[in-house]
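Multiple structures are listed underneath, in structure tokens.
What follows is a pair of complexes built around chain A, which joins chain B in one and chain C in the other.
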Partner chain A sequence: MLKAENLTKQFGTHTALDNLNLEIKKGDIYCLLGSNGAGKSTTINIFLGFIPASSGRALIDGNEVTVNNHATRDLVAYIPEVVNLYGTLTGMENLEFFSGLSGYNYSKTELIQFMETAGLQRSAIDKRVSSYSKGMRQKVGIAVALVKKAKALFLDEPTSGLDPHASNEFSQIITHLSEQGVSTLMATHDLLMAKNLGNRIGIMHQGSLKHDLLSQEVSHTDLTRLYIDIVKQNV
Partner chain B sequence: MKLSVFNILFNHEIKILSRNKVLVSLFSLIILILISSLWIGSSMLQKQQETIGKITQTETAMTDSLKTRIKRIEANQMVYPGFIWDDPTFAYNTARNEGPKYAVKKPFALQALNVGQSDVQPFYYKVYINKKQYLTYESEIENSFLQFIGNFDFAFVVIYLFPLLIIVFSYNVLSSEKEQGTWVLLKTSNHSIARMILWRIVIRYILFTVFFWLIVTPFLISQIGGSFLITTNWAWLMAFVSLYFAFWFAISFLVNSFSMSSNVNAMVLIFIWLFTGIIVPNLLQVGLSKTYPIPSRIDMLTEERNAINKYFEKDGQELTKDVFSSPRAMIRQASIVTPEMVYGYGVIVYKSQEIKDAATAVAEGKLYTQIQKQQDAISRFQLLSPALMMQEELSALTGTHWHQFNQFSLDVDKFRKETQQFYYPKMAHENTCRTFSLDDADAIPQFKSKDYRDFSWTNLRQTFFTYLGIIAIVVFAGYRRMLDSTK
Partner chain C sequence: MIRLLIEKELKELFRTSKVIWMLGAILSLMFLALYNGYAYYVSHSSLLRESQEVTYKQFISQGDKNPHLGAHFGFYAYKPTADMAMVDNGIEDYTGNSFYLEPHKRGVVKFKEISDATGLRSFGFLNIGYLAQFILPLFIFLITHNIFSKEWENGTIKLLLSSKATTHQIFAGKLFACLLLVLSMIVVIALAFMVLLWKENDQGSFARLLPACGFYILGLTLFSIMITAIGTSVSLLTKSSTLSLILLSGFWLVGVFLLPRLAGEVSKNVYPSITSLEFENKTFDEKQYGVGNEGHKDIRREKLLKETMAKYNVKKIEDLPVYFIPITIEFFEESDGVVMDRAYQAVDENESLQDHFVLASAWLSPFLAFRDFSMRITATDMSTHNDFTRKAENHRRKIGEIVDDFYQKNTVAGNDFWKTVPQFSYQAPGIGWRLGNATHSILILTGWMLFSIGLMVFSSRKMTV
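Let's turn to the complex of A and B:
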């Protein structure tokens, strides 16, 4: 579903991404670990088409992002660390707007169902987003991904700052989407979440993928040790 | 059914704009100011109409009095019991007492929108055979700033305040998305952000303009009636105001396309407003005043007096000159006032007016040539300042342009000559006879009043399409730039 072929990104003389090769299959939840500046967000930004790669290819469902940006945008949804929405609109109105831009015209009932699937309480749906907590905003972000019927989900530090309950709720929704065949690429610093949520884990360092692991084959302790070893190299 | 992006954005914009408290408050305030300006304009119009009503009443009363007095004299075997100087059967007496008629420039209803030059230029004259228009003779137009930018009226609010409101409406269409972070979600949608921003500007323009006319039109109808709605002036006025709004939205779109912060956008737009609306017109004003200096009216008075003095001194008739300067005093000093004296004085007035007219014609020609040159230059420089262009076109469309007042003045001149031609033969041939009859009272020339709404002398179509072209270029450049900055 998602494929990076020799993906490289340079900002001036700095190499942010160095010859990355990666393949994420349908329904996979791939968690990218790494310290700040490791290249996690750069990878996601290239897949989303926000920045062009210096060389190499990023493919979504066989479509190269830079060549067929319109086709790939239909397939993806993105949930950043903080989901920013229109504060003066309600959660429902935000969802209605973004679903409209995605080319869908859902009924109010259907939109409520999406919101509920995303975990947002019914009572909050018609409140203005300016009164929402970060977790509630994340849920609207998930609902936007749901209405889009995205095949690939990109998450950048999505649970940062969320309380354990909200974080757990979030994981459940991602797992649910994965079961429906949605591929997920998530950048995170949270090792425990990566271990519990992801079925594959990559550890990046200075733009390179240092480890590509199957979650079930690595213990949390080993994962922590591998991660610390990588980070120590940086120190 | 799949909604079009336009519909989605339209609904979105209505929600976003209507819930922006600052914007709604500011918009309400400006609308209040707009309504105040409309009220001020329509009040001035009503005042002019009231004055014209009084003029008509006065004129009717004077004519009735004249006829009654002539009838009484004719019934009394031509014996006039009063002071000979007031006897209406002498043409000269009637010409200076009850005979003079008013020449009126009827205010066009749309003048309520644009005071223009209507508060510095007279809209009526009492036309005498021996006096020219008071404006030419007795006053200077020193307040040239008002001549070019106008008063606190609808035109002022539209030309100077509404661009500021448009700036507030549109300065951050792109930057706010970036600053509030919604940009990221928009970028993952399958639509060109450049196109979305363009649509949003177009939607804001439509909402702004439609709302504007929905407020202005009914209020105007309530103040001045609805007859103006069927005039081409109104259609052009709507077109120009809508074009002017489009210009500012287009400029805002272009500034947005540079993808700078909201603060920088606002500052750049305010500078453009200040430069094109205030600085350029004032620089032009100073430049044109220096290039085409307008001669003082005092010079005309001096030339006129010199000519009179020269004429009478040449003849060496000092006494006659004194009679001219202070006739009533001289005549009252005489022990007997005779019909010959009245006749003689009438001839003196006739002759001296000919001299005065000839003497001032040259200076007057210089004056109006210079004003005309200034006006022509302003028309040429309209492209430098949309505010100047709008003031010019709104003045033309509402009948308050200098050109229209000048046309009125020329018509008054013609009417004065017509009046002179009516009285002079009677004055010159009456000698001791008293020839002004009841039939003559009915035959006194009347000025044909009109509202001077005609704007065929100005090339509105060319200006309109030139600005439309400019807007198209600005939008195109902005769109190209926006495509680059939203990649």
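Let's turn to the complex of A and C:
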């Protein structure tokens, strides 16, 4: 479903991504670990078509992102670390807007269902987003991903700053989407979440993928050790 | 997709308190400008119409007099308030509105409105023209400066760009949302203006004015679209509300206030104005000796006498079948007329060079180009004023000829004769002439329009995270 072939990104003389090769299959939850500047967000930004790769190819469902960006946009949904929405609009209006931009015309009842699936309380739906907490915004972000019926989900530190309950709710939704065949690429610092949520884990360092692991084959302790060893190289 | 983007932008705009305050302010100013313009038009046009009638009636009922002396009584030719002065009164306040029609004496336009005004008038007169040229662009920049940059500042650009909407659709959605707001104001202005114009004119006059109104509204619409496109593009290129506000307000400040003044000062240095002393000296000498230095007035008068006596085949002035004095008056009226025409033409040409210089600076300021366009279409510009003075001067000479012809055979003129002197009436030339005059500013505005299209294309390619 998602494929990176010799993907490289350079910002001037700095190599942010160095010859990344990666394949994520349908329904996979791939968690990318790494310290700041390891290249996790750059990978996601290239897949989303936000920035072009310096060389190599990023493919979504066989479509090369730079060549057919319009088609690949239909297939993806994105939830950043902080889901920024339009503060003067209500949660419902934000969802209505983004679902419309995705080409869907849902009824109000259907949109409420998406909001509830994402975990947002019914009473909050018609309030302006400027009054929402970070967790509530994150839930609207998930609802946006749900309405889009995306085949691939890109998450950039999605649970950062969420309370454990909200974080757990979030994990459940991602797992549910995975069961429905949605592929997920998630950049995170949270080793425990990566181990529990992901079925595959990658550890990046200075733009390179140092480890590509199956979650079930690595213990939390081993994962922590591997991660620390990699991060130590930077110190 | 675009409709969705427009709806979202409008919702955001109308839920932002500063936008609501701005809208309230501009709407209040708009109605004030309409009222001001209307009051100016109504009071001035009726006053000038009445004044012209009164002075003409006094002239044609002055009773028995020597034709020459009676002609010097004269009457005023008033420049009627421009038919679209309620929109833009241009330089009307500075050019004067009355031309004294006194045979044998070149007229000058008098009674400049500005001479009776207080210092406050130096800030300009608030009418629709002023609003459109100065305030509306600022309002547009205040609306558009963050229309794109807020997406980066609020972090919503990533969600927006990861949607199905293309960058062109996103740009169009934002642009059209701003345009909807701006153009709806123009629609209100246009409708209100039409109603007021219809109220103040009969059916024929209203129909005659429609093309000029149409072109003015079209020009204003295109100008507003161009300014909106520039504001939107700058907001996208800077990705920062503060920077785009600084750039756009700086552009506005330079274009509206600094550049016109600077260009005006430089133009006066490049093409120095002819002083009244230079004008008087030159015309005095040429009147005395003729344009081609044909000789002193006394010599030319002698020559004219000989020619007149030869024409009537007489040896002495007393034997002439006509009075010689009116013949000399008519002769020198023509000769002095050539002198004055040349002198005024030189003044007009110098003014025109200065105007062209200032207008050339409009390649750096679309506001200046639109100001010129507005004045020319509303016939409140210098060219229309010069057209009025030319026609008034021709009328003055025509009166001179009528009086001199009568005076050659009569020494007393009564009311029956005075009534044969025609009243003066002036109507500004039609839309074809006005558009012809506005060619230069239309060309510059077209250049700016192309620039804004280029800027839109360029900036929409820069829509990345």
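In this text, the second predicted complex is superposed on the first by the 235 of 235 C-alpha atoms of A that agree within 3 Å, B and C clash if a C-alpha of one lies under 4 Å from a C-alpha of the other, contacts with A are read in each partner's own complex, and residues count from 1 in each chain.
The rule is short, and it goes like this: a residue touches a chain if its C-beta (ideal position, glycine included) is under 8 Å from a C-beta of that chain, and two chains touch if they have at least 3 such contacts.
Fair warning: this is a prediction, and the values are worked out from it, not measured in the lab.
Contacts of A:N45 after superposition on the shared chain: chain C is touched, whereas chain B is not. Within the superposed three-chain model, A:K232 lies out of touch with both chain B and chain C [touch as defined at top]. Note: residues 48-50, 70, 73-74, 76-78, 80, 82-89, 93, 97-98, 100-103, 141, 144 of chain A belong to the chain B contact set and to the chain C contact set alike, using the contact criterion stated above. Of all the residues in chain B, the ones that touch chain A in their complex are 1-3, 5, 8, 11-12, 15-16, 19-20, 180-182, 184-191. For chain C in complex with chain A, the residues that touch the partner chain are 1, 4-5, 8, 11-12, 15-16, 154-156, 158-166, 464-465. Within the complex formed with chain C, the chain A residues making contact are 45, 48-51, 70, 73-74, 76-78, 80, 82-89, 93, 97-98, 100-103, 141, 144. Chain contact summary for the complex, chain A toward chain B: residues 48-50, 70, 73-74, 76-78, 80, 82-89, 93, 97-98, 100-105, 141, 144.
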